[in-house]
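Sharing a structure below in structure tokens format, with a few things to ask.
We just call them A, B, C and D in the order they show up, numbering each chain from 1.
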Amino acid sequence: MGSSFGKIFKIHTYGESHGPALGVVIEGCPAGLNIDESFIQAELDRRKPGQSKITTQRREADGFEILSGVFEGKSTGTPISILIRNQDQKSKDYSHIADKFRPSHADYTFQAKYGIRDYRGGGRSSARETVARVAAGAIAKLLLQHYGITCQSYVSQVGALKLEKDYTELDLSKTEDNILRCPDPEIAEAMISLIDETRKNRDTIGGIITGVIKGTPAGLGEPVFDKLHAELGKAMLSINAVKGFEYGSGFEGVKLNGSEHNDAFYKEGEEVKTRTNHSGGVQGGISNGQDIYFNVAFKPVATIMMDQESINEDGDSVTVSGKGRHDPCVVPRAVPIVEAMSALVIADYLLISKANRL
Amino acid sequence: MGSSFGKIFKIHTYGESHGPALGVVIEGCPAGLNIDESFIQAELDRRKPGQSKITTQRREADGFEILSGVFEGKSTGTPISILIRNQDQKSKDYSHIADKFRPSHADYTFQAKYGIRDYRGGGRSSARETVARVAAGAIAKLLLQHYGITCQSYVSQVGALKLEKDYTELDLSKTEDNILRCPDPEIAEAMISLIDETRKNRDTIGGIITGVIKGTPAGLGEPVFDKLHAELGKAMLSINAVKGFEYGSGFEGVKLNGSEHNDAFYKEGEEVKTRTNHSGGVQGGISNGQDIYFNVAFKPVATIMMDQESINEDGDSVTVSGKGRHDPCVVPRAVPIVEAMSALVIADYLLISKANRL
Amino acid sequence: MGSSFGKIFKIHTYGESHGPALGVVIEGCPAGLNIDESFIQAELDRRKPGQSKITTQRREADGFEILSGVFEGKSTGTPISILIRNQDQKSKDYSHIADKFRPSHADYTFQAKYGIRDYRGGGRSSARETVARVAAGAIAKLLLQHYGITCQSYVSQVGALKLEKDYTELDLSKTEDNILRCPDPEIAEAMISLIDETRKNRDTIGGIITGVIKGTPAGLGEPVFDKLHAELGKAMLSINAVKGFEYGSGFEGVKLNGSEHNDAFYKEGEEVKTRTNHSGGVQGGISNGQDIYFNVAFKPVATIMMDQESINEDGDSVTVSGKGRHDPCVVPRAVPIVEAMSALVIADYLLISKANRL
Amino acid sequence: MGSSFGKIFKIHTYGESHGPALGVVIEGCPAGLNIDESFIQAELDRRKPGQSKITTQRREADGFEILSGVFEGKSTGTPISILIRNQDQKSKDYSHIADKFRPSHADYTFQAKYGIRDYRGGGRSSARETVARVAAGAIAKLLLQHYGITCQSYVSQVGALKLEKDYTELDLSKTEDNILRCPDPEIAEAMISLIDETRKNRDTIGGIITGVIKGTPAGLGEPVFDKLHAELGKAMLSINAVKGFEYGSGFEGVKLNGSEHNDAFYKEGEEVKTRTNHSGGVQGGISNGQDIYFNVAFKPVATIMMDQESINEDGDSVTVSGKGRHDPCVVPRAVPIVEAMSALVIADYLLISKANRL
């Protein structure tokens, strides 16, 4: 269990960091969608390792192959299978930790759960797994494009360095202008310096990504358990290293009074709008047509280039020393992943909503 | 869709705020469990309205009837159906808003989604829905008791008033000693005053609940999408008025370096432990045997006793004036709901984990 | 697991033969459907016990109560909960078999599976469970009515007595004219005599029901595993006492050559039709717009009024003697159940099909 | 929807007849299972085309590659992805039917459902799809082997030629001794002649496969909807060309009286047994520990080497002439497919049953 996501627009992923390949099977994509392969590649390129000095130096072309479900450039309604082969595995880098549990990694928990694990690069628990999410998310984005919906995201915090402007004050089209993926060039520069410095200290650091979904019609969401923001939250929390999720007013909103927090409705032309948007575009678990926005907290990467205390499979005390190629901060590369998961949720709920009424 | 939760230990809920009844069907409860009805009633009593001056004055006995799945005091493995009848509905209180959209409620979004809605007391979107969750959660708690697992929670913030101690510094057995459900009597007193004052101002306020799960074995969780904390997050975000979820180090953790954040493993007797617990008991989406802890942010209740600007179904500008009986702050009554959802998640993952190995 | 059926139009049933009540929660019924309560009652009446000399003498009014999901006579899109209370339980009739395994009943298998069972009247394994299916099926029929689809069925065989005409040669509006529910009055009479005679011999006998679904649009079905006929087959095989399912040409079709069996396409006005219908309205698991028809085989009822050899829970040899009130032949009362399950499958696939295309 | 099967031991398949590849992702296989690749290949070889004069002459090596989920020869508990590339596609063979609907194929229904289709070799509706089932079924068989359970099947009827002996009178180890896969060599010879003759007449013919599952413990099955035989029936009905399913006494059983049909329990040593087995090893939808046996009816293959009347996408009358390489009778190659689906159902229910009790 656990490698499937979605209800109608469903994905099934597979693959280990140092196995032959990773991939995804996408079920439920409506027939007749133009499958733009260059767009899929572009999305994979945004996530791929080795992009800059602040990301891991592992080199993967992350080329992909569509194995099914597309005929003459269009989706046929049958499962779309996308394959991404691993190329730059350096499995030997991991032989020294074959029987050791790296602190704050999933080595110990996978061993406890299954009694066996592929220790090379974290196996299934590696963030390399997310390459399949981005491939699937690209298809979801193409579907949403058809309905005029966009899923964007950007880095809004690194360590204690926080972008104080909110998304309405930013030009999100500038997000890709720098290697950090923060649309404010000034703070981006400071964040890059902080990450670079952290990397030189053989350490890592956390960060926050803000997501923004525009163009969603009112009516998406499935109360009471599958509320739109609940599924979105699960989607984000399922990404490696994520520790928290909030939408709309979030944790800060608890300090407000209802009279401040409530979003008054008004009508502008034919459109129903709200004067404020503390609700983050979702009320009672259903979209209200306003922008959906949220924050996702990422912990510092667990792999550090220092010696650490731990134990091995026999329970003996051991020292784990940092090797391998890793990101000093996960957020720049996580931006397309956050968008992919957003797109998967919205695409799924859009299809579900078609069955709401007679 | 949307009224079911869980994979093996599954629940299906139904019911509206002012309909004849609410209820839940629980599938997948293992056979042979002692079903202690007085415990279920006690849990319902913790959630029921009219408990104190800081909760709604609606009066519901919230008695329940088990319709199936229990024979001679034990679960039989077949679906357990629990029925809770509504008694103190005052539907007339709602006739004045039959065609109006209350700000930050789900009136507009339900109408947009379904083209029809039961406007009385919010219908299905009312927090009254959670009575079914608490009934099901009580069964889940009984199951977890059998395995030595406990799910507790308490109020840790109201408005800007924050309990600065963390859960390890508190005596959680004192949570029920005051009407606020905060184990620190001093801050509880201040929080009660704040809520009472807010109520007198005809306003509402938000808060935070902290959850703590103890006794979970290592190995629960289903990567990559159904990570334990992702499902827990979804469970919490599905509760009415919740705006955020974080576990372990959460949003604050992003400021740390990996060298500070990593939890070193060591062995104490036969037990694997970690020196710190920034991971919040979950690594790679799987429990590691340490305590699981998390925070849940609740917005201020949307119903305030003031006039508010809004629109009606025809799109005309209208004034919504506050009537009905409502909580000025949702967190005291939400404590058993948070625990119920925790118990449902852990019970489900416990059963799933039985199929991990040969 | 196992008490839920459907993917979008989903039902969850509960209840034991001699417990307080049975019921069903229906999720995913589109909003805005007129819920005609007299129609639901009429369907329950067709299934209820005590209708005639050839059915069980247990007396149940099978009145029902809708607990949720309906407002001012219309579905609201939220779960519809329907409750049916048991009234004429004679649990004492079963005390003599409390620890005995009745031959060809589910006593032994429930005990083996769960280690505990409600022995009264078969508990959850009783055909009384199907009352909930018929209630849910009535809602599904109302939905299908809206789309011009009908689900009918009739008795086509009792023991070796077989109705040789196929459904196209019969007037199905006459099915309810006799207590057997066979639209051919002559053979119906013979079948009634056979059942009555069997009953007097303290024995039971099997039979076949033929189902016919008309008005289905082309395009329903979800290959490759959830083919329309596969789901229909599962639905039928899930009914108590069913031993076989075939659709279209069925088991007889294996004897034909492809040149005889193939259904040639032609066009009549705007409509695509087939010259023959060996396909039974389904090709490649998807409806083609022609009539869907199928046969369902029911074994002789296991409860006979004779002494039988068996064992008890301790494994000792015992004699089981027939007591209680039972049907000598299940097919007359199973007609509405077959229709209910048909309607549930078609309603579900109709809603699913809304998401096929952009 | 529709390309997934199973609840805990779940498979997701993809691929078209003339696309680059077919494959399957297997979720929920317990960790620690020895994955014997030569066994998987042997199963694929039993299904592969071009085996003999009575099967299609398409040549596919049907070699496979495991992409994930296996480490050092053992399953790790993560998804197992198996890839089978197509090699001998002759897509040109299909250009003449690009816009025509072949009678009793899925061309018309796929077009009606999706508005687009991959017409080459039937696309996703081709029986080539079953290669992925056999690969997954091989893993399921390895799992069942671990628990001492076997899934066998054989051809018991071709056209009107019927093997009159039941499975208890046959030596099933002889099934693979002839190209027909019937354990009785004499009738096998006659069946081969019948198929060969039919092929020479440019026609096709139907047949029946009998399945036998041995070693299943009592207690597998999930009433009321997911009864063991209901899921088995659905599994079989989902195989291409299947028109009927019966288990135990099946359609013939309806003629019996309860006093003849009931299976008396007795105890032999520690084992509970039944004197007869009309129940087919399943009572109330749960296995009772006796052999499970069933029949599956396959229609004559729709592709015949003759001219047939039909229509094209525009609704014009056209002639469809038979080309391509096809089986004159599907049953010899369907034997491993029936076994694969049996194994998938039993493996899934075996894992589910682990959560039945405390």
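By definition in this document, a contact is a pair of C-beta atoms (placed from the backbone, for glycine too) under 8 Å apart; a residue touches a chain by one contact, two chains touch by 3 or more.
Labels paired with UniProt names: A, B, C, D = Chorismate synthase.
Owing to the predicted nature of the structure, the values given are computational and were not obtained by experimental measurement.
Trainee: Could you tell me the least number of steps, going only between chains that touch, from chain A (Chorismate synthase) to chain C (Chorismate synthase)?
Mentor: Step count on the best path from chain A (Chorismate synthase) to chain C (Chorismate synthase): 1.
Trainee: Quick check for the class: compute each chain's Cα centroid; which one is farthest from the centroid of chain D (Chorismate synthase)?
Mentor: It is B whose centre lies farthest from that of chain D (Chorismate synthase).
Trainee: Hey, how far is the Cα centre of chain B (Chorismate synthase) from the one of chain D (Chorismate synthase), in Å?
Mentor: Measuring from centre to centre gives 46 Å for this pair.
Trainee: Which whole number of Å gives the spacing of the CA centres of chain B (Chorismate synthase) and chain C (Chorismate synthase)?
Mentor: 39
Trainee: For chain C (Chorismate synthase) and chain D (Chorismate synthase), let me know how many angstrom lie between their CA-based centres, rounded off.
Mentor: One centre to the other, that is 26 Å.
Trainee: Note the residues in chain D (Chorismate synthase) that touch 2 or more other chains, in rising order.
Mentor: Residues 1-4, 8, 13, 28, 31-32, 77-78, 110, 113-115, 124, 223, 352, 356-357 of chain D (Chorismate synthase) each touch two or more of the other chains.
Trainee: Touching residues of chain B (Chorismate synthase) toward chain D (Chorismate synthase) in the complex: what are they?
Mentor: These residues of chain B (Chorismate synthase) touch chain D (Chorismate synthase): 8, 28, 30-33, 77-78, 143, 146, 223, 351-352, 354-358.
Trainee: Under the definition above, what is the set of chain B (Chorismate synthase) residues touching chain C (Chorismate synthase) in their complex?
Mentor: Against chain C (Chorismate synthase), chain B (Chorismate synthase) makes touches at 1-4, 8, 10, 12-16, 19-23, 25, 27-28, 31-32, 65-69, 71, 74, 76-81, 83, 110, 113-118, 123-124.
Trainee: If you look only at chain A (Chorismate synthase), which of its residues touch chain B (Chorismate synthase) in the complex?
Mentor: That would be residues 1-5, 7, 13, 101, 103-106, 108-110, 112-115, 124-125, 129, 157, 159-160, 198, 201, 203-208, 218-227, 229-231, 233-235, 237-238, 240, 243-251, 253-267, 272, 274-275, 278-280, 282-289, 295, 297-304, 306, 308-311, 315, 317, 352-353, 356-357 of chain A (Chorismate synthase).
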